[in-house]
Amino acid sequence: MKLYFKILVLSLFVLIGFSAPGFAGDTIKLGVAGAHSGDLASYGIPSVHAAELVVKKINAQGGVLGKTVELLVEDDVCKPEVAGNTATKLVSDGVDVVMGHICSGATKSAMGIYKDAGIIAISPSATNPDLTLSGEYPNFLRTIAHDAVQAQLQVKFATNVLKVKKIAILHDKGDYGKGQAELAQKYFTTAGVDVALFEGVTPGAVDYSAIVMKVRRVKPDLVVWGGYHPEASKIVTLMRKKKMDTLFMGSDGVKDDTFIKVAGKYAEGVFATGPMDVSGNAMAIAAKKAHQEAYGSDPGAFFDAAYAATLALLNAVEKAGSTDYNAVMKALKSEYVDTPLGNISFDANGDAIGIGFSVYRVENGVFVEQK
Amino acid sequence: MTATGEIKKSVLVSLWFMFLTFPIMVIRVNTVQDVVEWRWLNMAYIGIGTFFISMLWRYMIRRKEREGKKEKTDNLSFAQKIILDKKIFIPLVALTGLFIIVFPHMFSMYQTNIMISALIYVMLGLGLNIVIGLAGLLDLGYVAFFAVGAYSYALLNLHYGLVFWLALPLGGFLALIFGVILGYPVLRLRGDYLAIVTLGFGEIIRLVLENWNEFSFGPSGIPNIPKPPLFGVDLSLSGSIIYLYYIIVGLVIFTIFVINRLENSRIGRAWIALKDDEIACQAMGIDKARTKLRAFGLGAMWAGMAGVIFAAKTTFINPASFTIWESVIILCTVVLGGMGSITGVISGALLLILLPEYLRAFSEFRMIIFGAVLVLMMVFRPGGIINNVRKTYKFQKT
Amino acid sequence: MDFDYFSYLFFGGLTRGSIYALIALGYTMVYGIIQLINFAHGEIYMIGAFTGLIIASVLTMMGLPSLAVIIIAAAAAIIYASAYGFTIEKIAYKPLRDANAPRLSALISAIGMSLFLQNYVLLAQTSDFLPFPSLIPDFEFWEPYSHIWTSAELVIFITTVIVMILLTFLIKFTKIGKAMRATSQDKTMASLLGINVNRVITFTFVVGSATAAIGGILIASHIGQINFYMGFIAGIKAFVAAVLGGIGSIPGAVIGALILGWTESFFTGYISSDYEDVFAFLFLVGILILRPSGILGKSETQKV
Amino acid sequence: MKPILEVKNMTMAFGGLKAIDSLDISIHQGEIAALIGPNGAGKTTFFNCITGIYKPTSGDIFICPHEKQERLNGLKPNIVTKKGLARTFQNIRLFSSMTVLENVMIGCHSITKAGVLGAIFKNAATKAEENFIVEKAYSILEKIGIEMYVDELATNLPYGAQRRLEIARAMATDPFLLLLDEPAAGMNPMETKSLDDLIIKLRDEENVSILLIEHDMKLVMSLSDNIHVVDYGKKIAEGTPEQIKSNPDVIKAYLGDESEDA
């Protein structure tokens, strides 16, 4: 029995090994890469849904350049080491353009491979400034504003509207959170605000009272948080329970309905930056409705941005008349396209023009955009 | 035991698991939107599944007990027979060698790429095997040395433009130094404490990399690490992947060679003796601390070299790639294949790394399967798939 | 001012320490009996919290009064956590014990179990954080100082002390407690004396898991959210605390946990929280090297 | 000439309990000495103290293999072995996953020195050393009389042969003093007789002195030049077998414990 089992396993290996990808047909291949499983799947799955909806719609209208669009969905679990394999798989399978990846680290690891293969990628969610500003990823574009834009907005709002003089910055030591916090520190300092405290907290720790007490001691006007909502709600809740009414401001990692739900009444008055409100955009409404019909639930994070990225890519291929790198890139950076995020195009760095961030404030259990 | 007795037992087990998994498997609450989802079908799956699994479980336990009794007779498994039989083994090796050489030309770039990943794990597994399989030290922070290697290359290249070929030995050497420094104070601890302390060290190194921005660029990592150069030839994407593939193949062969030599040497014998009985080992004049340190350091060195390759392959590294779970995955490859056995570790690593890549549809089950593998292997086959028959020294009278 | 700050940190550390202690108690009990680092203990704590949340949500939606919800959910969490503890022992540890496998095998099995349970909850439930209702009511007890130490924190601390006293009583004065002590010293001898060693071990797992569930509910309600990974870090910290206090000793676990809590709190307060965990791990390494038996533990000499 | 092993006023206390209480023992070159006493008298603890497994609470241990006397206190077990004190264990501690020959080869560890690089490159020196180890190990097996088991796994050996293998393994470290902890335990009378011959042969041909712990009084009496009797960690008598047989203290110590199969 043992022998048969081993032969089975061996033959399985060989079989899988030989099942190399088939040859490209007459289709436009759109790769979708990001975290589709694991603990960050909730950031990646909405982008897959968005791509599916857009491709279905476009194929129903006759496709791009007369060809149907084929989706190649690959998971990278948001890990750089996996993202490399994911990217190679997409390149091996002959993708023409890529929508992804989701996390900045994974994106950085994948972009080198796309660059060598001459493939353009648009991410709906990778906000690390280096991706566009460093110039090392010429084939990268995104439909979300990068962290520096967000940090500058925070500084502008905090100094002009809230008139703060002294702040404390906390972060979760992660790629996203610490990056945000560092940018905030830089711009706040330039704006002449006293950054009295800059510290990381350990995500998942059982208790944050020591750090909250430390914040209390420096008496800041505002706490700026770099990181996601779970830790933010813990810290805000604890601050309020400890009778501190210091203002609290997070970034798009906090602007999530779960934050309000978790922090409950303590969430009131918290500021968070997030992508500009598009709930009035007709395309966004239609896309949301389509999602509800197709998947039976409301779309999740980065859905609109992914929808926009997919539309922009396919539109550029159509306008360029081919999938040639230079032609598509030129089209992306010159043509404007209607998306759920509004009428957008891309600047020389690869950042989207026509999108931006707004500041929101929790009022009566909902995020309200601050004009 | 009668058939009805068996069925009754399995029914009880199945009922128990239906009860046990009820809240987690059947109900799903979304407290954000206040909806409850009832998934009764899961309960049926669990019931039916555990019914059969419990039968299989008891059968396996009984079989293991039977095997345990007749252990003394030389009962070699299929795989062992192949390895020991020179007539089959040598052509098999030749065939495998040929397959390895033509592999990147037969299959796509992607296949080659994941083979590189798998071979990095083979190297890591073989390195960890020195520590666990030969010297019997459970190291749960092995990934720290992997990180040391990867960061050595990334940082030295960034600051001093150090090329891959210099970084490879240097990364290994730095990891070795780290291994020795960390190992020195803790190697006299008892087995399970050692495991925890190494786990702690592994986390410390990751946390330092995460927090010490000035040194390691913190959580945002280091991008654009160059791939290995080939005499100034500018390689295309697929060319550089194939080149890297041959490098790692060469290194794996080198690793196998070295470990083979070590195993059959004075040092290797001391490791195995140490694993068998520490007290007797010392009474034979073997320096316990030094022998352990040697194993620890050598294991670290291999992780360091694998780290350099890893950095060159992904071209981007950040601390998130070096968590404790990475150590657990490496441990899993060693345990699955068979601690102490080179062939075992290689097959374990290839199985565990390649299968999830090919069965991407099931990738979300990857970690849960790793967990199950660790438990099941310990319960049913502590020796691994390829139970290690140590090549003992056969005396030839001269 | 500075004394105020000190006392804030002191009470912060006390809360943190009490939380670690609730988890460390189960760790130390299991280790005391079979010298196994039960890695899956943190996961039991997580499953306890999840079960409590699931049952509570369902009952709330059925419209039960909140007191009944709290009691039923807490009971369910304790029962289920115990049941998981029982099952884990039967699957992952007992076969190894029967086969006289080396300690390291049991440890590897425990790590596997931990990984398995984490991903089991991840797959069956969600990877997101779930809000956890505040089950401990806010009440006034030492106004105007409640911002230093809230009522919820007081409840956690008192629960820890009660659980510690009960467990000490259980081990010192009951029949099963005596059997537990006998088993921990010499399993063969204990079984010769007519003690059902397997039953004692099972009992230990069940009790240890029940305390983990109590901890799970209280802590989740204090923090206000749970996810599948919450047990791992808490578990590791609790283990550090147990080792610090002398693993195997019930009061030792609490003392170790409090010391760890205070150290972390003061370290964060006066130095930096950036290296908080690094410091905790260094602490562990230092203790194991300098005094492997911990503060209240007995040192064991190896028999030759 | 100085004694090759001289223990002066050694005490080993575990907590309040003194397992060894100010013990003095001297062993001379070429001697076969025995350490006897009832169970729990501290005999094995004595071995553990002089071989470095335990650190004695107080007292001195000196060895004098050649002219110069050295103090052994506080040295690690492996260093003690290197200095020429080899031992066997009461509860057999063979390397279970190794063959008989390999077990003895391990014994050669302290007298060889190939390192990691030598192992990897397998240069001429390493090869020569490996050959030397194998030859030496086999010749020891021949001397001890268990060469027929050379390729067997150590655990598959009959009990008596396992005890002999322990001796062979200890001999491979080139000791000047061999410490045997109950070498005849569990042996039948025939095996015990041949063990008797073996010990004498080792002393005469291999130039080692021997200190043994043994309960088999017949063996002790026929073999020993000098016997040390301990009880409750204290030495109660010392002398030739004849002197010991008639010593009232010894008789009292033994009669006090009927269960002894002396």
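Each chain gets a letter, A, B, C and D, in the order it is written, and its residues are counted from 1.
By definition in this document, a residue touches a chain if its C-beta (ideal position, glycine included) is under 8 Å from a C-beta of that chain, and two chains touch if they have at least 3 such contacts.
As the structure is a prediction and not an experimental result, all values here were calculated from the model.
J.: According to the touch definition, list the chains common to the neighbour sets of chain C and chain D.
T.: Intersection of chain C and chain D contact lists gives B.
J.: Give me the two chains with the most inter-chain contact pairs.
T.: Top of the contact-pair ranking: B-C.
J.: If I average the C-alpha coordinates per chain and also across every protein chain shown, which chain's average lies closest to the global one?
T.: Per-chain C-alpha centroids ranked by distance to the global centroid put B first.
J.: So, what's the distance in Å between the C-alpha centres of chain C and chain A?
T.: Comparing mean C-alpha positions, chain C is 37 Å from chain A.
J.: Starting from the mean Cα coordinates of chain B and chain C, work out the distance between those two points in Å.
T.: Comparing mean C-alpha positions, chain C is 30 Å from chain B.
J.: For chain A versus chain B, what separation do you get between their C-alpha means, in angstrom?
T.: The mean C-alpha positions of chain A and chain B differ by 33 Å.
J.: Any idea how many Å lie between the Cα centroids of chain A and chain D?
T.: Whole-Å distance between the two chain centres: 71.
J.: Quick one: which residues in chain D touch 2 or more of the other chains?
T.: Only 53, 89 qualify.
J.: Show the residues in chain C shared as contacts by 2 or more other chains, in ascending order.
T.: In chain C, 122, 128, 131, 274, 277, 304 touch at least two other chains.
J.: Check each residue of chain B and list the ones that touch at least two other chains.
T.: 31-32, 211, 279, 364, 367
J.: If we count contacts the way the header does, which residues on chain C are in touch with chain B in the complex?
T.: Spelled out, the residues of chain C in touch with chain B are 35-37, 47, 50-51, 53-55, 57-58, 61, 76, 80, 83-84, 87, 91-92, 95-96, 99, 101-109, 111-126, 128, 130-132, 236, 239, 243, 274-275, 277-278, 281-282, 284-285, 288-289, 292, 302, 304.
J.: List the residues on chain B that touch chain C in their complex, please.
T.: 16-17, 19-21, 23-25, 27-32, 34, 36, 42, 61, 64, 68, 136, 138, 140, 185-186, 189-193, 195-197, 199-201, 203-204, 207-208, 211, 279, 325, 328, 331-332, 335, 364-365, 367-368, 370-376, 378-379, 382
J.: Using the touch definition up top, name the residues of chain B that touch chain A in the complex.
T.: Within the complex, chain B contacts chain A at residues 31-32, 77-79, 107-111, 113-114, 117, 210-211, 213, 218-221, 223-224, 236-237, 240-241, 310, 313-318, 320-321, 350-351, 354, 357-358, 360, 363-364, 367.
J.: Which residues of chain D touch chain B in their complex?
T.: 51-53, 76-78, 81-82, 86-87, 89, 93-99, 101-102, 105-107, 109-112, 114-116, 118-120, 122, 126, 129-130, 133-135, 138, 150-151, 153, 156, 169-170, 172-173
J.: For a test of understanding, state which residues of chain A touch chain C in their complex under the given definition.
T.: 38-42, 173, 199-202, 204-207, 209-211, 213-214, 216-217, 229-230, 233-234, 237, 241-244, 258, 261-264
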